[in-house]
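Chain IDs A, B and C follow the sequence of writing; residue 1 opens each chain.
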Amino acid sequence: MGAGKELRTEEMVLNVGPQHPSTHGVFRLVAKIDGETITEATPVIGYLHRGTEKLGESLNYTQIIPYTDRMDYLAGMTNNYMMVHTVETMMGIEVPERAEYIRVIAMELQRFASHQVWFGTYLLDIGALSPFLFAFKDREKILGLLNELSGARLTFNYMRIGGVKWDVPEGWLDRVKAVVDEMRVSIEGYHQLVSGNQIFLNRVKGIGVVTQEDAINYSLSGVPLRSTGIKWDLRKDMPYSIYDRFTFEVPTQTSGDCYARYVIRMEEMTQSLNIIEQALKQFPQGGEIMGKVPRMIRPPQGEAYTRIEAPRGEIGAYVMSKGKDKPYRIKFRRPSFANLQILPKMLKGASMADMVAILGSIDIVLGEVDG
Amino acid sequence: MAALYANNYLIVAIFLFLGILLPVGALTFGRLLRPHNPTTVKRETYESGLEPFGSSWVQFNVKYYIFAIMFVIFDVETIFLYPWAVAYDQLGLFALVEMLIFIALLVIGLIYAWKKKVLEWN
Amino acid sequence: MGQYLEQPLSWTNGLIFAGAAVALLGIVLFFVMYAIFFQRKILGWMQLRIGPNRVGPWGLFQTVADVFKLLLKEDIIPKKADKALFIIAPVLAFVPSFLVLAVMPFTENWHFADIGGGLLFYLAISSLTVIGVITGGWASNNKYGLIGAMRGAAQMISYEIPLVLSVVGIILMTGSLNLIDIVEKQQSMGVWFAFAQLPAFIIFIIAQLAELGRSPFDLLEAESELISGYHVEYSGFRFAFFMLTEYVYIFAMASLTTVLFLGGWSPMFGLDFIPGIIWFALKMGAIVFFIFWLHATMPRIRIDQLMKLGWKVLIPLALLNIFITAIVKTAFM
């Protein structure tokens, strides 16, 4: 603007959060703004830090599992799996097939529910009220299924080292099938309501662009990585559990913007349903749900790191054992925390309205960021 | 006719009076009902739960004011269209051509602002 | 009211005017309470919820309870705020919203001031509200409030122009600024201006939503970005007056749209045994419903896109509409 150059404009330092509706929890962003344009943004985290890793050092391995539920509280099942998978790898425990199928169904239901929450809250950030309520109403059905399975709706504490805690209830698999069919209709509804809306497209296309190079340099994983065109999904590329038995697509986009992340998450929801359907078909009749596990879980001295594909990206647990029943050191790779690091770069030059859209598109859970 | 005129503006005055009376009256009446217990913490400015950095009374970005100036120009020009539109039937072709020139001037002004990138927000 | 307007002023007539104005104020306040109630109900149904259902039968007294709650809330004025402006801002915002109703004709007999320049009066007075908004936001000394107020000012003044320009076509066709004349013109033409002036109608609806600050143009409140924009520091009854202003404007704008574009009180389908006031209420209700419906459907537009739409699309279109209307009118005269 030619006329504006001589005039002096003062920058303002604005606190966004911790008490702000669009920071998805107690996240704080110190933004320097000029008018409504952000010139510099610094995330401040730690409001929800509970020291999960340190706590783990004084608990035995089974006792750590419920703490993982509380990290990414929208994806308790995948977090449970991340923990038990590492210990199983260290101890070389065989997990029965039936248990693996139950785990996969539970994890994919969880991924679907987590993306549903993202879909609803993201649209709420952008200013549309209704998708939030539609998504949460549908998510209730999935939480109901997981509740039947584990006895909890959010913090499941369902998986055990060597298997799962409870076998599937009577008729549960049929109910899963029915819900999967319902969810296919729901996704169609989400697309009709949102995907073609011009206002929505204007708000997300070309916003918060991440280049492939940056994505790798900032160690992004999950959807933000795939939105730049890198096809990297641990379920496909380093199959764990029984994921090599299913056929599914890994959706990618090349534009790296908020819209790409939206499209990928919507597509992943469909792919999760595909996996669940295949798992239901292959589900073994009878069989154990717990493998042969020693009475006291004492992984041999040494260390292990395993990683899996959580809804928010690559989640992993590093466990160092001295041969005791408690880990010597435990460290979680928390995808929300890793993906958040690129935020200041993405926000530079964005407007206040874009800030909300960009932050939402990364899909962070503060319980996981702060650990 | 004069009476009609006076009556109409009396009504406008009554509305103005009522419009002021309602908030002033309700807030005065409310004073009897509501608690009054200001504390330092309560009277702090809200900024997402932390003490705000500095004042918000800063020299704010100029682009907001440029829109205000644009508004004044266009609004005043628009006001000239109103009497023309009302009296259009009596004025005939000459006024039409004149007004088309006037609208063309408005459009040129808009194009000028457009080219000068005044209409860009960022 | 019509016959009293023609009589010379006397104390009796003056009292009748005052009484009628108080009655209208009562109606407007009632409308606001139940508009909020129905907004919540309609949003609830559209979102597969029940909506308010606890206070009174079917939740009917929910908003009444909310008003009393707000009345009993402590009135907090921030230490850093400009106290005088902070106190005066809700009044500044509210007064014009009620004042514009003085010229609104509800039927040929039920109207208040019958001013020659009624439309001009409405547009001029309604644009004063932005002063209340910007005063409130600035006086709060709150950054969110300030940004909200700045956005509000930019948005409301920018959309003022397409709003004002879009009705020039109607004035051209009617030859009067009087709102009653505009309705009568539609009756004599036998077609609503919504059809005769379709581009103007579309521009007017969009600009009106932006003026009201309703979804998808609810940028000045934008709860997900600015928490609630210019009135973020207001509490209790002062906040209530900002809220009231918003809904009184919905009443006024829906009435104005009915008068300008939907033939006011004139009956539809020849059903003229139904009184005009009912027709007016139905058409106005339809517009109010439309506004609420959008609230349930639309995401929020971004401020630069909003400005682009206003200045680069709506204003040129509105000018073109005036141009075409004038030429068509000359050609057929």
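Here is the rule we go by: a contact is a pair of C-beta atoms (placed from the backbone, for glycine too) under 8 Å apart; a residue touches a chain by one contact, two chains touch by 3 or more.
A quick note: this is a predicted structure, and the numbers were derived from the prediction, not measured.
Just to note, of B-C and A-B, the chains joined by more C-beta pairs in contact are B-C.
Ranked by how close its mean Cα position lies to the mean of all protein Cα atoms, the top chain is C. Subunit A and subunit C have centres, each the mean of its CA atoms, that are 44 Å apart. In this assembly, the C-alpha centroid of subunit B lies 14 Å from the C-alpha centroid of subunit C.
Between subunit A and subunit B, the centres computed from C-alpha atoms are 47 Å apart.
Touching two or more other chains at once are residues 47-48, 52, 56, 60, 64, 120, 122 of subunit B.
Residues of subunit A in contact with at least two other chains: 12, 14, 20, 36, 351.
Multi-chain contact residues of subunit C (touching two or more other chains) are listed as 143-144, 227, 303-304. Those residues of subunit C that touch subunit B in the complex are listed here as 4-9, 13-14, 17-18, 21-22, 25, 71-81, 90-91, 94-99, 101-103, 112-115, 120-121, 138, 140-146, 150, 153-154, 157-158, 160-161, 164-165, 168, 171-172, 175-177, 227, 232-233, 236-238, 241, 303-304, 307-308, 311-312, 315-316, 319, 322-323, 326-327, 329-330, 333. Only residues 3-4, 6-12, 14-16, 18-20, 22-24, 26-27, 30-31, 33-38, 40, 42-48, 52, 55-57, 60, 64, 67-68, 70-71, 74-75, 78, 81-82, 85-89, 93, 96, 99-100, 103, 106-107, 110, 113-114, 119-122 of subunit B touch subunit C when the two sit together in their complex. The part of subunit C that touches subunit A in the complex is made up of residues 43, 46-49, 143-144, 147, 151, 215-216, 218-219, 222-227, 295-305. Partner subunit A is touched in their complex by these residues of subunit B: 47-50, 52-54, 56, 58-64, 66, 116-118, 120, 122. In the complex of the two chains, the subunit A residues touching subunit B come out as 1-4, 7-20, 28, 34-37, 351.
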